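Below, each structure is written out as structure tokens.
There are two complexes below, and they share subunit A, which is joined by subunit B in the first and by subunit C in the second.
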Partner chain A sequence: MLELKDLTYQVEENNETLTIIDHLDLTIDDGKFIVITGPNGGGKSTLAKLIMGVKELTSGQMIFDGEDITECSITDRARKGISFAFQQPVHFKGIKVLDLLRLATGKNISVNTACEYLSKVGLCAKEYIDREVNSSLSGGELKRIEIATVLARGTKFSIFDEPEAGIDIWSFQNLIQVFENIRKTVKGTVLIISHQERILNIADEIIVIENGKVKKHGPKDEILPELLGTADAVNRACSKMS
Partner chain B sequence: MLDNIQKQLLKEVADLYKMPKGAYNIRANGEKAARNTTENIDIVTKDDKPGIDIIIKDGTKNESVHIPVVLSESGIKETVYNDFYIGEDCDVVIVAGCGISNCGTHDSEHDGVHRFFVGKNSKIRYVEKHYGEGDGSGKRILNPVTEVYQKENSFVDMEMVQIKGVDSTHRVTKAELAEGATMIVHERLMTHGEQKATSVYEVELNGEGSSTDVISRSVAKDNSEQIFEAAIIGNTVCNGHAECDAIIMDNAHVVAVPKLDARNVDAALIHEAAIGKIAGEQLIKLMSLGLTEKEAEEQIIGGFLR
Partner chain C sequence: MAQEKTYIEDIERTLYDIKNVDKSKYKSQSGLTEDIIRDISARKNDPEWMLEFRLKSLEVYNQLSLPNWGPDLSELNMDEIVTYVQPDAKMTGSWDEVPEDIKDTFDRLGIPEAEQTSLAGVGAQYDSEVVYHSIQEDLVKQGVIYTDMETALHEHEEIVRDHFMKLVPPKDHKFAALHGAVWSGGSFVYVPEGVHVEIPLQSYFRLNAAGAGQFEHTLIIVEKNASLHFIEGCSAPKYNVTNLHAGCVELFVNDGARLRYSTIENWSRNMMNLNTKRAVVGKDGVIEWVSGSFGSHVSMLYPCSVLKGENAKCEFTGVTFASKGQNLDTGASVIHCAPHTSANISTRTISKAGGKATYRSAVKVTKNAPYAKCSVNCESLMLDDISRSDTLPTMDIEGDEADIGHEATIGRISDEAIFYLMSRGISEDEARSMIVRGFVEPIAKELPLEYAVEMNNLVNIELEGTMG
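What follows is the complex of A and B.
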């Protein structure tokens, strides 16, 4: 279980203090498939990065499985069982896909095992296993490799930050299937930041983050109709204007 | 006979665990330690200065020549002239390299002057590794000069590696390419401590359709200094590309000097140079996989210099 208590994250910009996460409280139960959504700039990605330790809290407390991890480094959090698929995967000159998967598992896994992870994200393993994780790969390919590293770790808490961002519509169709499979097979807690209805649709719970606070949190069946209703209302308003 | 230190140095510079197959000449502490010639590859000691001539017959294929040098006594300084005469239609691998173990107080220096005369349609792969070890105060110095003269449609692939332990290097590589000839260079360099390494390339593309690709990847740590100069001269219809990619760390200093000299309207020459520290995002990604910052750094450098 992950408990976020009174989390605040502020940044200084032009001599002004901006509050990105504002006294946020949230409890995430084990084994749930949770989608965080909400307007751009609302603090979703920041919240995810605070959980991984990529950004440092201004104030508040984080408890993971009963242990206070507020002061833990990225490495410590990773070792305690938190994984993170970045929104914009990084390139590594000279590091191959196989190397990255081996680093992810922490073992010298066989090529066959590595290929299984790639297959899970819809990549033809043979074509990719020996390729460098560099700019010769497309955005969609990098995104899948990024997701594969998180699957390879197989930790009890996995975060995916906007997996759909920056990929084309064709890759996206396949990516949805990847997450539908993750939904069926992964045993730990999965936290996905997404705007996509098809991803929202496979959630156990949906959390709406707005202005750095939890605006809504509940079962998918309860939250999703409200969200879609809102979207419909916007669409209707737009169609009247035109 | 080689002692254990010399054997270790050979392993580092030439991946040799025992005497190689094919032709070889092993030089240890300024003396010939072992030599073997084959039907197609002859090795002859020069009589006017230190060094050897390596003569490879026309049509020699799938053979190799190893000419490593090891210095394990402190205070040896030598300049050695090795000339490679490679016939036509050959396909051979040449492994050179120098390992210095200096536990003494005097500087040890090996300056190898290598000239390659590559015949028509011949294909050469040349590997040169530099390695230094030893905890003495004497410096380990290597100043290689490489000259390459390529005839029509010849192909030379050079791999120059210096990862550890050499205090000072000034490398000069010059090449002249005839019609249809190609030269590829991959240089990998890591400097640390107070080391200094300078690498200067000058490739003249003289023949129509000749091409070159000079690629350097380097990591500069601590207070070390690196200077990389790559000049490509296009005298005709040709393609030239030089690339310098460096990771800078600590208080190191890296200079990249590109020079493209086109003397023909159809000379297509490109230079790319990038110097920067390890990207924070790279470290964060690997740390999110459970590596410490130091382990992440090692992986990034290891991959970069692969």
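What follows is the complex of A and C.
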């Protein structure tokens, strides 16, 4: 279980204090498949980075499986079983896809095993395993490799930040499949940040983050119609205007 | 007036730092005088012309001044340097005959082991003299010669006389002149026409004595359509006095021949490394340099390739890592002297903890070299805000239709990249080291596996230095 208590994250910009995450409280139960959504700039990625420890809290407390991890380094959190697939994965010169997968599993896995992870995200593994994770890879390829590495880690708490971004429609189909499989097979908690209805659709719970706060949090069946209702209303309003 | 000196607190360099008790059989007096040179020459039983060459070089040395560019060399006081240290060992072809302390040193450096598994011949120099030399029998049968310079000077005097310091004349610069005067040890390789030496040869130069200089001379001749991979390794334990390394490497790559010259220099932080390397390449010939510069207090090293024959090629891959108190001034130069010659220079420099790494590339295309092609790619990585990396390219193009490209990038490791790797469960230091290893990967992959591993170890040793 992950408990976020009164989380606040502020940044200083031009002598002004911006509050990005604003006294946020949230409890995420084990084994759930949760999708976080909400408007652009609402604070979703920031929240994910705070959980991973990539950003430092201004105030608040985080309890993971009963242990206070507020002061833990990224490394410690990773070792305790938190994984994070970045919205924008980093490029590395001289580091190969295979190296990243080995790093993720923490083992010297065979090329075959590594290839299996890549196949899961729809990449023709043999072509990629020896590629460097540099700017020669397309955005979509990078995203899929990123997802594969988090799958390879197989930790009890995995966060995916907009995994569908930059992935073409055909592969998107497969991606949904991937997440449905995760949902069925993985015992841990999966937290996906997404704007996609198809992904929202396979959630157990949906959380809506807006202005750095939890706007809504509940079972999919309860939240999704509300969200779609709003979207429908917007669509209708727009079509009237034109 | 006593020279103010700054000695650099050295990092733990593990096996490289284990020093032996100085059991040298003979040491010349410190300093540089005609008497000292006559004495060295007599002890080495030089032919008359070599003594004259040495004395002439001394004259040139005295006439030349220190370079007016590059790192400050004022800490080097030649009066305090012992230029000749004769180990108490005879050159042998059997490790069993090498004195135990010296053999142990090379054992730790992994030389006899590499000899068994991946080398076709080995030369091992300790202080001023080569103590061990070997070459596989089948190469001897094919006419390959691999021996120490002293033996070559006596057994192949004509070849040596025709080539010795012809490519790097003593007049070249002050330390080339110094080398000409006091050179001792080094390796000689001769590969006859059409012979391919498939497995590398390696010479290792170990300087053990404090306050001493090492001036080994490497002369390699690869005849027409022949090929060779030569590996050079160097190291020394740390002392609180300045040591000097002023070696000289001359490579003759004839028409259609191919030579790969790989080096990992790993000196301690009390070393002034003022080294000269040059290759001349004939028609359709190829010189490939793989150069790793680690350690030393000050380094000046700019391997030069003279592309003399049509279609001659040069590939240069280098890495330089400067840390606290180090000023490593390295580079590469290429002189295009014939049509359709081409060169590819690719380098990585890393600086940390206040170290200064400079990469100079100099490309000259003479008017006899139309259609020359040269591409230079220098990348620098600064690991913190107090370190410096510079790349200084110079180009002098006279030939027509030249195709010259230069690319230089200077970067830092982003926090994001470190955080990213940490989120996979490794520590911040491991993350940093993984990024640096990735950065130097283009060089590592040019090295034979064992040496790539050694280079990665050196990268890690240098990186760990920051933590304390």
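A few notes on this one:
In this text, the second predicted complex is superposed on the first by the 233 of 242 C-alpha atoms of A that agree within 3 Å, B and C clash if a C-alpha of one lies under 4 Å from a C-alpha of the other, contacts with A are read in each partner's own complex, and residues count from 1 in each chain.
By definition in this document, a contact is a pair of C-beta atoms (placed from the backbone, for glycine too) under 8 Å apart; a residue touches a chain by one contact, two chains touch by 3 or more.
Because the structure is predicted, anything quoted here is derived from the model rather than measured.
In this superposed model built on subunit A, subunit B and subunit C take up the same space, so to speak, and clash.
Looking at the shared chain after the overlay, A:Lys93 reaches both subunit B and subunit C. Contacts of A:Gly66 after superposition: neither subunit B nor subunit C is touched.
Subunit A uses residues 52, 54, 73-75, 78-79, 83-84, 86, 89-90, 92-95, 99, 103-104, 106, 149, 153 to touch subunit B in one structure and subunit C in the other. Interface residues of subunit A facing subunit C in the complex, by the touch rule stated above, are 52-54, 73-75, 77-79, 83-84, 86, 89-90, 92-95, 99-100, 103-104, 106, 149, 153. Per the touch definition, subunit A reaches subunit B in the complex via residues 52, 54, 73-75, 78-79, 83-84, 86, 88-90, 92-96, 99, 103-104, 106, 132, 149, 153. Residues 217, 245, 279, 281-282, 284-293, 299-300, 302-306 of subunit B are the ones that touch subunit A when the two sit in their complex. Interface residues of subunit C facing subunit A in the complex, by the touch rule stated above, are 414, 416-417, 419-428, 434-435, 437-442.
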